[in-house]
Structure formats: structure tokens, C-alpha cells
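In what follows, structures are represented as C-alpha cells.
There are two complexes below, and they share chain A, which is joined by chain B in the first and by chain C in the second.
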Partner chain A sequence: MAEEMTNPTPAETPAAPKAASAAKPAATAAKPAAAKPAGHAAPKGPPLATLTPELLQLQQQFGESVITPAPYVGVLVNDLSKLRDVMTYVRDQLGFDMLANATAVDYIKEGYIEVVYHPQRSKGGQPITLKVRVPRGKDPVAPTEVAVPSLTPVYAGAEFQEREIYDMYGVRFEGHPDLRRILTWEGFYGWPLRKDWREAYYEGDTKPFDSRWPGGHHELAEERVPWADNVNYPPGFDPLNFTANPDAGLYDSMAAGVPGLDAKSNGHALQPEGIGAAVPVLDRNRNTIADEEELQTDQIIVNMGPQHPSTHGVLRMVVKLDGETVTDLKLVLGYLHRNHEKIGERNTWLHNIPYTDRLDYICGLANELGYVITVEKMMGIKPTERAEYLRVIMAELTRIQSHFWAIGFLLNDLGAFYTPALYFITERDLILDLFESVTGSRLMCNYMRFGGVSRDFTEDQIMHARQLAFDRIPRKIDELEQLLTDNEIIKARTIGVGYLPAERSINYSLTGPCLRAAGVPYDIRRVDPYSIYDRFDFDIPVFYGADVYDRYRVRVAEMRQSLRIVQQALNQLDQTKPGDIQAGKKAYNHRVPAGEAYGRVETPKGELGFYLVSDGGQNPYRYHVRSSSFINLNSLKEMTVGHKVADAVVILGSLDIVLGEVDR
Partner chain B sequence: MGLMGTGILKGLGVTLRHFIDTYAEDLKYILNKGGVQQPRPLRRQSPKNRGLVTVEYPRERLPLPENFRYVPFLVYDTEKQDDKCTSCGICAKVCPPQCIWIVRTEDPVTKRPVPQPKEFYIDTTICMNCGYCAEFCPFDAIKMDHDYELSYYPNQEPNARLVHDKARLTKPDTYHAAIHPTDWRRELEDRAAEEAKKKAAAEAKAKADAAKPSPAAAAKSVAKPTAASDAPAQQADAENKSAGE
Partner chain C sequence: MAEQKNAPEAFENDPRVPEELRNNVFITSLDKLYNWGRKRSMWPMLFGLACCAIEMIATAASRHDLARFGWELMRASPRQADLMIVSGTVTKKMIPQIVRLYNQMPEPRYVIAMGACATAGGPFKEGYNVVSGVDKFIPVDVYITGCPPRPEALLHSFIKLQEKIEKQSLRNVPWYQKGEEDVVPVPVLGPDLVDMRRAQEIKEKAAQAASAQQQSAA
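Entry: the complex of A and B
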């Protein structure tokens, strides 16, 4: 089995053989041994410079099953069957206790799909890169024949990320508890992020499209492909007799073992014999299961959403209820899915900046910052001083307005409809006024550029920012605390609700204010500083309750710290040269040197990462967004089970998700 | 923790303050006997405002900041009576959703491109208002508009379309100057600097030519204006080549 799972691709490659992989065990057993010395001998690229001591240790421990392919970053786990051992070692011995990111890249020419993992330490520092390769397989619409062992037993945070890889690339994961499609619907035909998959109304692999200039007669995409006849349907698909049952798997898995619920009932009707049956009821304090026969409660499945005011957008929570207590919860995502990453791979490097605004549309500027610093890392350029300051001011104001929004709508979820939210939105709007007057738009700012920003602040705008940062917002935060922090109703509703201890939070790859509310001082601005955050004096607020109340308090404290940063940045802005906002010449046709990078920033929601692969061209070869909202949802079930359904709403609100980023 | 209920009372105090603040403007109005100078929308949205913040659109409108951007328009040079656009195609290339379509004019005889667009379309249903076209246009020929009300009643305006053609897109540079005063000033300065440079170069050349006998120099000075007007097109072509690579 071990030999069969081994991927034979040698070390020096991406131009390696068509992975005829699993068929020849004898050859595969020999090859990695031959490959390893080649990997070390190959002088091209920066092979060993990227090898941290941890990776060397890993190589000593696992020998030939981990190798370092020369041209690319990271360590290739050559022996798939060892992956879980390697990862467990990485987690327990090396201390990389959090799976920051997991994604895949389709190397279609080389014939394999590379699954990429970025584990990191919750204590801080750079993540390491580990990869495995699976052959793409001959059938383009079937999942890969070779399965990757699922990492869910090692990192709980891998659950959604592996489902996403399966959904987008068709990589099978052995041992995954619930391997279904996540962003597209069950029954979707094909694997959208594979390089040979084409969307409906496909026009070209990369932008700019040739049809626009010089002979650009306007046409609608619908006219170009009149009957959408470039859409692929499964063989034998008959639209007239097609009945979708996309939720069968979902309801099956939730109804399993519960009398009175089965897939056919779809959760709406109860079987007669189920009524009144004694079922285990989870105790309120979540530690014991009491068989409370006298209550005579039944379990039912209730759909909350996709259109529901408490879900902050089109999110569907399927909850299994026992009375009012949640006993199980599953999420149905993807209602806002537009395959942002595929669009990103069609776009040029520059085109992607305004698209990142649309990820988490509440804090577009923070997303842009994440993308541009990742690309700058690959291009090896540095923005000017003034641009750095402007970026920090904008990103921190974004954090403040996003937290105002988050707290306002958390209160909505608690039942304090709109009064607190509107009080805070006043100040948020003043921040957006600044964004509008500087960048031209309130939300979709499109402000950052590679090596700088698009516009400088004028004197009036600096004055406006100073008024906000030194006077208006501090007063508003005081008022906010006066209004909410001591309120007994809020305390009763939130303290102890949605508890998830630190080690579980880390294992679930929870990031952002929610992780810091569990006592983990993990903030990328501090643990892996980017931009010029190392120049400012600020604290990372940490609370230890790990509940909804402390998530609220962390956000309030963070706003104060962000204000400190904005104030310092505004004071130091005079020392920079006005107008000097772009390093080098302004360009639109960037070429990024071949290679890959994982860059991340601390957005108001958590860690936003960009994993980019360039083949040296005008377009990214791979553009992956590590979305904090999406990955934070991993832990929602564990936070919610055992609470009342009304608390489920509050817990979701405390995670502060934005569906534009969840569904991408 | 203090006495039960004090937190709620404290919060209610905040609500009460907000309630009173909503009348702040009315009180000010009464006390000043109507002597409030600033227009209401501006006042309400300023960082110094207390109380009511809402503006009653469409009866009242917020003044737009100069940088505000909505779908682009083409600038028509009223002085030269000509489109500023040279149909170089850079805007079509930097457009992220690829909503710009341009047909380049060709000389009917030589088949060489003429620096003028024959057709120009912007599909406003696709446009994402990112502003790249205006930012990267080397000729200041395309600018972002302030007109954000694009909807129309098909039965009242049967010819209106959301795909804007050249006629719909073209607006005079006086309009551009009115909504983008700073940008316009910069353009004028740039143009003045360019002309001064050209003039200096011409004078230097004239001086050099003066040393030599005249007929060739006279011919050259006639040829110069056309060469200058061709220059942008050539420059644009060169840039297209580099972009297309």
C-alpha cells in the first residue's frame, strides 16, 4: 500500500514525467531514493536557503519520504502514507500547532496536482510549507484515483479546507469525516479550479481578451455563446427528468442514529414511531448526556437560512434541535460563490486588486494590503515611506470601522435591534467619508498598488483623519463601552456562551479576535510583522474567557489599539515626502518572477493569506485566498452544540463572518 | 460588579443623550434665528456634527468629493474640437472586468491606424468602477464621472442603454474641469510644461538652423506640427507593443 501511494515524481522537477504513478510499485520504491541526492545536489534556485532548521530536522526524522524540490519553496512529502505521521510530528515535535492554510495547485503540464499545507506556530513566526503530489488521473471529471490521507485527525481546521480542495480540484481525502462539495452544489459536474475546466461563456484563458481592441465591437457574453452551449453536462443528463436532491447526503449524515429522522423526511416530517421516543439530551453545561425521559422531546432538523436576518448574508445553518437545544450543526455554504480564484487566475496581477475588495466587502482596504504585500514579496519591491504610512492608516481605520460594524450587528443578533448598530455606523460612515474622498469609493476602494498607493492624502483629508482619530472615535468607543460593556442583559446572554478553549481554537485554525479572546496572543502584526507595524507602539489585547463576551471585549480593546497606531502614523506622516506614493514607475503590465509566495495580514476578521504561484507571466498561475471567515466557521459546530438555538445566532455573530469572503 | 441594573441604566443614559442630540440642530437653529450658514447635508456629515446624521436623498444630496468615481466618460477637447482619445487601447487592457470595447479608426487609403476611436463602448452593467482606465490613460482622455444615477425608464427613454456608446460617453472638457478642478489644474500645468519644453526645443533647433542656410529648416518647421500630433499615436503604439508582449 505504501508503495502504491508513493508519488514517483523526482526531486528536481516540475517538468517531470507524466505521473504514471501508482501502477508500478517496483519503480516507485526505487525512485525516491534516487531522487533525494539529486534534490540536494541540484544547485539551481535557492534550494537550501529556504530550509529552516525545522525542515532539516524533519528530513532527518523521515529520511527519503520528505524531499526538497529545488526550484520551489517547501518540503515535498514524497510518501503519501507518511503524510499524517509527518504532520503529527510537525505539530507535536516542531510545535506547528495550527494549520494556517491548505490548498492545491494544478500543474497540468506535469500531470499532477500539488496539495500545499502551511502549518504555523500559534506562538508566532513564519509558516512552513509542506506539499504532496497526486496524479491528476485520466478521467477529468472523476476524483483522483490516489487519495491523500485527510489531516482532520491532526488539525481539525483542515475539515473545510480539504472539502474545498476536493470541491475545486477533485482530490480525494482518505478518512475525511464529511467529504462533500462545499462551495459548489452536490452534483456539480467537473472540478472548477483545474486548468482544463472552462466556465460557461468562457472567452479566454487570460485577460486582456483580444476581442476588446483594436476591433472591439461590443457583444454580450450571452450573444457570443447564444444557448450557453459551452456548458458541460454529465453524460446522459436529461434536464426534463432531472430532480435535484443535493441535500440527501447532508440530511443523511445528520439524521443518522436518530429515531424519527431519516433522509426521506428531509427533516420536515417526523415518523410516527419517533414521537415521544426517549432520546439523549445534551446537558446545558455540555459535559454529560442526561437521559431526560420525562421531557419527551424529539429531535428535529431546522434550516436557518440561506435567507435569514441572523446569518449575516446567504449562509445556511442546518441545526438538529432537541427541544431548543442544538445537538448538531452543519453549514451549507457557497450561495455567494463566484469562483474568485478562477477569476483571479484569468486576471492580470493588477486586475486582481479591485477584486480583493469584493472578498470581505466590509474591509476592502485590508484585503488589498494582503494581496499587494504578497505580490511585492514575489517581485522584490518595496513601497515608499509615505505609502507605507498611508497603507497603515487606511488598514487600521478599516479595522476600526469593521469592528464597529461587527459589534453593532452582534447586538442585533442579541435582540438589541439597530439602536447600537446605528450609533456606531455614524462613526463608521465618517471613516468611509475619508475613504471616499481619498480613494473615490466608500467600500470598493481600489487604493493599493504594487509599490505604493494610488493617491496621496491632501491637507484637508489629513485634518479629517486627525479629527476622527484624536477626537471623534475615542469618544465614540467610550460611549460604546458605556452603553454595552456593563449591561447586565448582554452579560447574561454572552458570558460562557460559545466557549471554545485555546487549544481547540488553535486546532481549528481559528484566527483573529476570536482566537485572542481565548487567550492566545496571536496577531500577525506582532508575530510576523509586515509593512511598518514594527515601528508603532501598540498592544495585542487578549482576554481569557473564550466566549462571546470576551470576543466583544477584544474587539473594543483592539479598536483602541488601532487608534493608537493611526494616531502615531498621522503624527509621523509629516516626516515623509508628500506626493511620494509610488516606488518606481507606475505600470500596468507587471511581470512577476516565477515562484510562489504565501503572504498574510491581520485583517479585522483574522488571518487573510494569499498563496500565489507565478509562472513568470502577466497572470497568476495560482491565486488562492486563505479566508479567515471561511476557516473560522470550522469551529462553529463545536462552539454551538449544547446551547440554545437563540445562542447559535449570537455565536455566529461573534465570529463576525462576511459571506463575500466565506464563499469567494 | 455593582448594583444589578446599573449597567442598563448607564446605557439608557447614552440613549437619552442621543435622543436629546437629535434636536441639537433645531435648538441651534432657534437660538441663531436661522443663522446657520453651512448647507444642511454638509453640516450633517461633518466630523463636528452631533445629533441627526441622515440626509434625505434625493431631496438633499451630499456634495461629492472630487475623487469620487463612477462609470467613466470620454473627454472631448473643446479647444481643438476633437476627441482626446487616441484609441491606444490601454484602458481596454487594464480594465479588470474587460468592459471596454474600442474600434480603432484606420486610414481608408494607407490602412494605418489613425489616433481616434471609431467606436467606443463601455458596458456599465459589467463596469466595476475601479478607475484604472482613468488612472492609466496617458492622454487624460478618459475620466471617472460623478453622475451615479444611471437607471432609466425604458418606456420613457426608449433609446437609453446601459451599454454606453461613444456618443453617450463623450463629454466636454469643461465638464471635466468643473467636477475635477485639481486634476484639471494639473493637466493644464502638464500641458504648459510640455509646450514650454517643445518651444525650448524648437528655439534651440532654430538657433542651430540659423547657423545653416535656410530652405531645409523652413521645410522642417512646417513638418513639425504634424509630427507632434502623430507623436502620441506612435507613443501609444509603442506602449501597446510592450503591453502585448
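Entry: the complex of A and C
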């Protein structure tokens, strides 16, 4: 297998970690006539990628001037105008029907921003990498002059991801239906993830900062900065003569049919005097209605959230209602945008592990696993046997407790206020007890390390885990099914609600239990096995209803399969050496060889990917999180439109989002 | 509390108290009665921001059982709540809503800053979209450490708040004083978060920066 794969199996990687993740230089000879891109022809540049058969086919189709090998991994599409054709070909002819990930990297020295796409096949296998480059432009505040064609017509799942790239890097996308800022707000100054953009508390490009403990004296960030707070204003800014409009453009496409909402008013004017003005007056002396127009009622726009008990956190849904029926829906995100990626690029590699806990804060251990295996692939190290087993046990218990939580709160959204959730939180607390006794923390475990884990299980903890996995949790899952699965009310409220067929789900890049409830057996543990999942006997539960009920049933079935994995792992744990939990020496300052990798794991919410770029230093050059909650939300509109507003809440609950991961 | 305990004994020998009332009457101050009632029936707002909200829900659930303290009635509307638990990272995009919710709460109102982020920005302090502690905008009564604080820590903060309420007196609590109601101006999302209380200062400094930039260009 060629080294084009973003994650070579550890057995293939050479022992010397320096050259590990970079593409094998010798193997690049297989591509003799590689026309190097003009901007990247330096003699001592990074090694170019070897092309996999799919990419060679792509190159033959579009010509060697359009498709050239990129540094390290993937291909460059040199002609922006052909991008959409290339991607359509990739989707239809090569079968990469799902855009797993789209992000960008700012190569400030070279003067361009690289947009990176990772399409993958819903049938399984490795994703491929395609890249395009746009010049950064002169003006640091304006978006790029050159626009990238939007991929939304090819992959519906690109919509939010392209908006994120626009928000963070200022890359314009031509043909995007709704290109506005997504995580920050309209009017925000600058493009935060560009390398030359500095936050108010800027101390240095990379940690550890010298300023943090100068001469044994610590100063507050507030004392250091000119505004004495975490703010920065452009010179000449006048807050007294200025109209803020953070929602600019939000209501533009929703204005049709809503009286009082003027599309040109930028959403500022939901003027009360306009509401009701367009109500047709029925002639009371007439028995018949002349035409359908008369029967049409006013549509209204309702903002749900960001403070709303059923939006699972600080999510804001803007719904357009005809009576009680949702006719349009838009999401406003970013209320929990905590700048993971900017902070992550300042942090050292090790610093980022506890931050990943806080992405999807219900299942921190699963996020850690995704991050450490991606970095391990880049470093070419392999964790010890025992550490692998401990990781799997922890990750699968995390899946169980996350699904308990998801089901409990789905029932909450259905109106069974709190009682089912209380049942499941009790069970979840028992699993958290184990996490706490092993790692020291209930939620933010900070347990995994590069090449191992931080602590071993003691005999007592193994007994605790066995008691949970063999006795308590199986019993409780039976009880859960008995209480809920055949419940008439649940069936009436959920069957057929939130339907999204398989092909649309794939096109929307939906992953996780929601995709498997639509009949697509896509689970990364099976289609692209990582860690030691290939050793266990387990099934991938698939249901075909593609509705809320089947999403619930997939989760219940998955809990049982996770239990099977935990049981097997606990039985095999005896064969490993106690205490052998860290490969190599413990280190604080890891150096990751220059290169890039896209690693992914199956978290309870779906595919969690990490796109990491290293320049060989102590810090990631680019740290991107492909979050399943965020991308799954793309499809919420299509699932919801046509349903009642009460169902919108349930459909959102069935997606099982966590805002920490949505907004990052 | 000491005089309350001794009260029945004191009445027993007091000829001024009628016989039938001697074991049935307690004398206390209005403050004590008022605070005793308030502190055991706080209604927190059902309001979660981030990871800490998960621990807040765990606190309300069966094992830690917030109901033991009389605090379990979480209200989704700020109009019905006395206590705001700021449970998680306060972002610049969210702070206008938090301030608005705080202003909508009727007095007396209390705020618990739960966890490192709400207290001072926590691990995300250096982030460009993070407010360095909710107390930059709204007054906080109790801070809890932890990332996230354990449910026991949240219970502890409730008990600390009860102690604070006990010490308040009707004579000088701010919500019975004359004068303007204490409304926090809602911050505005401009090029960055604008605290309207500092608008003049921001304008002057930004003008200085602009003139300095022009000079250096010239």
C-alpha cells in the first residue's frame, strides 16, 4: 500500500521516527513526470506524496497540469475553475461520496492559504486528500481576492465547513448559498486563524511562553495588555457612533412571507407595526373562499435559544413557522466558540490532550483517543499492548455513558421531563466513578498519552469494571429497553420523524449513529480499524428507518456491542503485563516530524477527525478538529422542515450534539 | 441563633408571657425570618453554558440530589429565578445574552460563577472569543474552583451562598434602597466585544492609536 494513506499502520512505519510520517522519499520516484507546481518548486522542499491508484486515475482524467502531487499527502488541484468538476468526478466515478472534512491552512511564508478536502467512501477505506491554494491577499481584513468555487452543489456537507473556513481564514467561496461568519459574528475584525492575526492576550507564537513566569513573578494577562481586558479594537474605532449588527444577513433568505421583516433591513427590523399588516381580510358575508391565497396564514420567525432548555446548550435555532409547522430553519452557532484551534496551535503537542477533553465534554476519553492516535501516526510510535486495551475499555465505556446521556435527554425532549434522564444519569455516574478512580477526574480525564496512558488499572478497578460490564450495565440496558422501546407514546412521537434517506445523509456527511440508523453500515472501527479494534468480535448495528426512533434503537444496540468489546478486552487484559502502560520514556516535550496527517476515530457522536500539520517543531502548525456534532448539524434543516416545532426539538435531540464540539 | 435556642427557657420564667404561649412562641428578628425563608427556597435558572452544566445536571440528579437543600426548582425563565449559575465558559458572543438574562431576573438575585472559566476564563482565557470571567460584567456572589467542579463543590457553593444570605439585612440590602435600579448595560458585538460602560475610554484610546498610526506612516 502506498504511503499516500494519511495513517500508515504502525507496522509499516520505519523505526526512525524522524522520517516516519513524511512520505517515503524513495517511493516518490514512482511518479517520474510530476509537474511541480510553480509556487512550490524549491529544491529542498518537503517530499511530494506518492499517488494512490485513485489519485492516479484522477490525474489521468484531468491531466498532469491540473492534478499534481502535493507535499506529504494528497494532490493539488492547480486550476480552481476545475475544482468542482474534479470533485464531481471524485464523487461519481471514484465513489468518494462523502466529504469527511474540509479545512484550510495558512502558509504565511509561502503566501497562500491552502484549502484541504478529505473525501471518503461511505463503503469504507481511507479518505483521499485534495488541496487548492489561494493567495492570501494584501489587505489583512478583507477576504481573499481569489475565490474558491463552493462545493455545496457536490457535497451538501460542505456548507458549514466552508462557512467555517471563510470565518477563520477569510477565504471566499463562490456560489455558496449563505456565506456568512459562523463561529464569530458579522462585523468581527479580522480572520482569527490566520497566522498573522493576534488575539488580545497574545504572548508569543508558541508555548511555553517565557513571559508566564518571568523571574518568579507572575502577572495577570489583564495587566499586560493595553485595554486591560481581552479585547482589541481597530484604530479609530468609535463605539458611540456605530451600529452593531452581529446577525447581518441572517434573516435575508427567510424574509419571504413574513410580514414586518424586510429583507434589506439586515434583520434589525422585526418591526411590530408591520406584523399583521399583510393578513388578508376575509369577507364575512361570503361562504366560499375565492383562492388559496386567502387561506395562507402569516409566517413568523421564532428564535429558539441560545438560552433555551431544549437546545442542548447554547445553540440558537431560528425557525420560520407557518402555524406550528416549521417551514425554514437556520442555525446560529458560535456561542461556545472557545478557540480550540487557535489555542491548539500555540500549545505544545502534549498541552492539547486536556483541551480535547473539553471538545465533546460528555465523552472526553474518546476525543483524547482520536488526538493521540493521530499524533502517534505522525511520530511513528506504537503504544504498549496493555495501554491499547485500557484505551479501548475507556473509550467503549465512554460510548456507553454518552449513549445513556443521549437517550435520557432525547426522552427529555420528548416531554418525559427528567424521569428517564434520572435513571440513566445514575448509571452514568457509576461509569464516571470508574473514570474518577482511574484517572482522577469524572469528566476531564486527561488520561491518554502519546504511546500509552497515564495510569494503570489496579485489581480493584478491574473488578469494578468487570462488575459494570458483566452485571450492572447489561441489566440496566435490558431495563431501558423494556421501559422504552415498545412504549406507545415514544413510537407515536418518533417513528417517521426527522426522516433523512441514506443517500442524502451521505451527501450531508452525516456520521455516527444517525448515519447507521439510515441503513449505512459506516463505523470507523470497522471500515478503517484503528487501535486494536480488529481483534474484537462485535457487530455494527444498522437500522433502516432513518428516523428518530431508529436513531434511538441504534444507540441502544451500540451500547450492547460496546459492552461486548469491553467484556472481551477485560478478559484479554490478563494476558498483558501490568504496569506496562507507556511505550518509551515519558516525555514532556514531543517533537513531531514535519508532515501532516488526518486521523479519525468513531466517537459516540460520529466521526471525530484531527487534521494535524507539523513543521517539525514543538507545536502543531495546524490543529483542526473535524467535529461530528458540527457537521451533523448541516442536515438538521432538511430533517426538520415540514415537521411541527415540537418535533424540531426531538430531531435535534436525536442528533445528539454537544455544543463544546459544535463550536469548539 | 443562640438566643433562639434559649428562648423557651427564657419564657418559662417570664411572668410577662402568658402561660399558654410559653412553649409556642419564638422571638426572632425580621432579618432572620426573612433570610431563613429565602435561603432555603432559591430557584436557580435552568441555564447551562458548557462542560460545567453537565456537572450541574449531575448535581440535580438522584445521587447528589439538590432537592435536599430546597434548590431543585430550576426555572427556564429568568423572571422566575433568583439564582444564576454561570456554568461554563463565557464567550463574547454569549455575554450580551447573559447580561440580558441577569437584568431580567427580579431582585434579590444571586450569581454563582461555577468553575475556572466563569471565574476567570479558565484554560480558554487566552482565546479571542472568551470573556475573562463573568464578573467583568455582572456581580458574582460565590466562585467555585474546578474544571469542572465536582457536584459536591457545587453543593458547597450553595451552602456558602446560604451563609451569605443569612448575613444580609433588610436595612441595607441594595434592592430596598432608594435610587436607580442596578441595570448592567448590555455589551455590544462590534469589531470586538464593546463594554458600553467603557465606551468613552475605548473611543479615546482608539483615536490615539489611529493618530499614532498616521504619524508612523508619515
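Methods note: the second predicted complex is superposed on the first by the 552 of 664 C-alpha atoms of A that agree within 3 Å, B and C clash if a C-alpha of one lies under 4 Å from a C-alpha of the other, contacts with A are read in each partner's own complex, and residues count from 1 in each chain.
Throughout what follows, contacts are C-beta pairs under 8 Å (C-beta built on N, C-alpha and C of every residue); 3 or more make two chains touch, one makes a residue touch a chain.
Worth saying up front: this structure is predicted, and the values here are computed from it rather than measured.
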Could you say whether A:Gln57 touches chain B, chain C, both of them, or neither, answering first, second, both or neither? neither
Contacts of A:His217 with chain B and chain C, given as first, second, both or neither: first
Mind working out whether A:Gln572 is in touch with chain B, chain C, both or neither, as first, second, both or neither? neither
After superposition on the shared chain, which partner residues are touched by A:Asp429: those of chain B (first), chain C (second), both, or neither? both
Does the superposition put A:His464 against chain B (first), chain C (second), both, or neither? first
Could you say whether A:Leu484 touches chain B, chain C, both of them, or neither, answering first, second, both or neither? first
With both complexes overlaid on chain A, does A:Tyr355 touch chain B (first), chain C (second), both or neither? both
For A:Gln307 in the superposed arrangement: first (chain B), second (chain C), both or neither? second
With both complexes superposed on chain A, which partner does A:Ser253 reach: first (chain B), second (chain C), both or neither? neither
Shared chain A surface residues [contacts with chain B and with chain C]: 354-355, 426, 429, 444
Residues of chain A touching chain B in their complex? 207-209, 211-220, 347, 350-355, 419, 423, 426, 429-430, 433, 436-441, 444, 446, 454-455, 464, 467-468, 471-472, 479, 482-489, 491, 586, 588-589
Can you tell me which positions in chain B touch chain A when the two form their complex? 1-2, 4-8, 10-11, 13-15, 18, 45, 47-48, 53, 65-69, 87, 89-90, 92-96, 98, 100-104, 113, 119, 121, 123, 128-132, 135-136, 144, 163, 165, 242-243
Residue numbers on chain C that touch chain A, as the complex places them: 46-51, 53-55, 57-58, 61-63, 76, 88-89, 91, 93-94, 97, 101, 121, 123-132, 136, 147-148, 150, 188-196, 199-200, 202-203, 205-207, 209-210, 212-213
Write out the stretch or stretches of chain A touching chain C in their complex. 183-185, 187-189, 192, 199-201, 203, 221-222, 226-227, 229-240, 242, 244, 246, 306-309, 313-314, 334-339, 342-343, 346, 354-355, 358, 361-362, 421-422, 425-426, 429, 442-444, 659-660
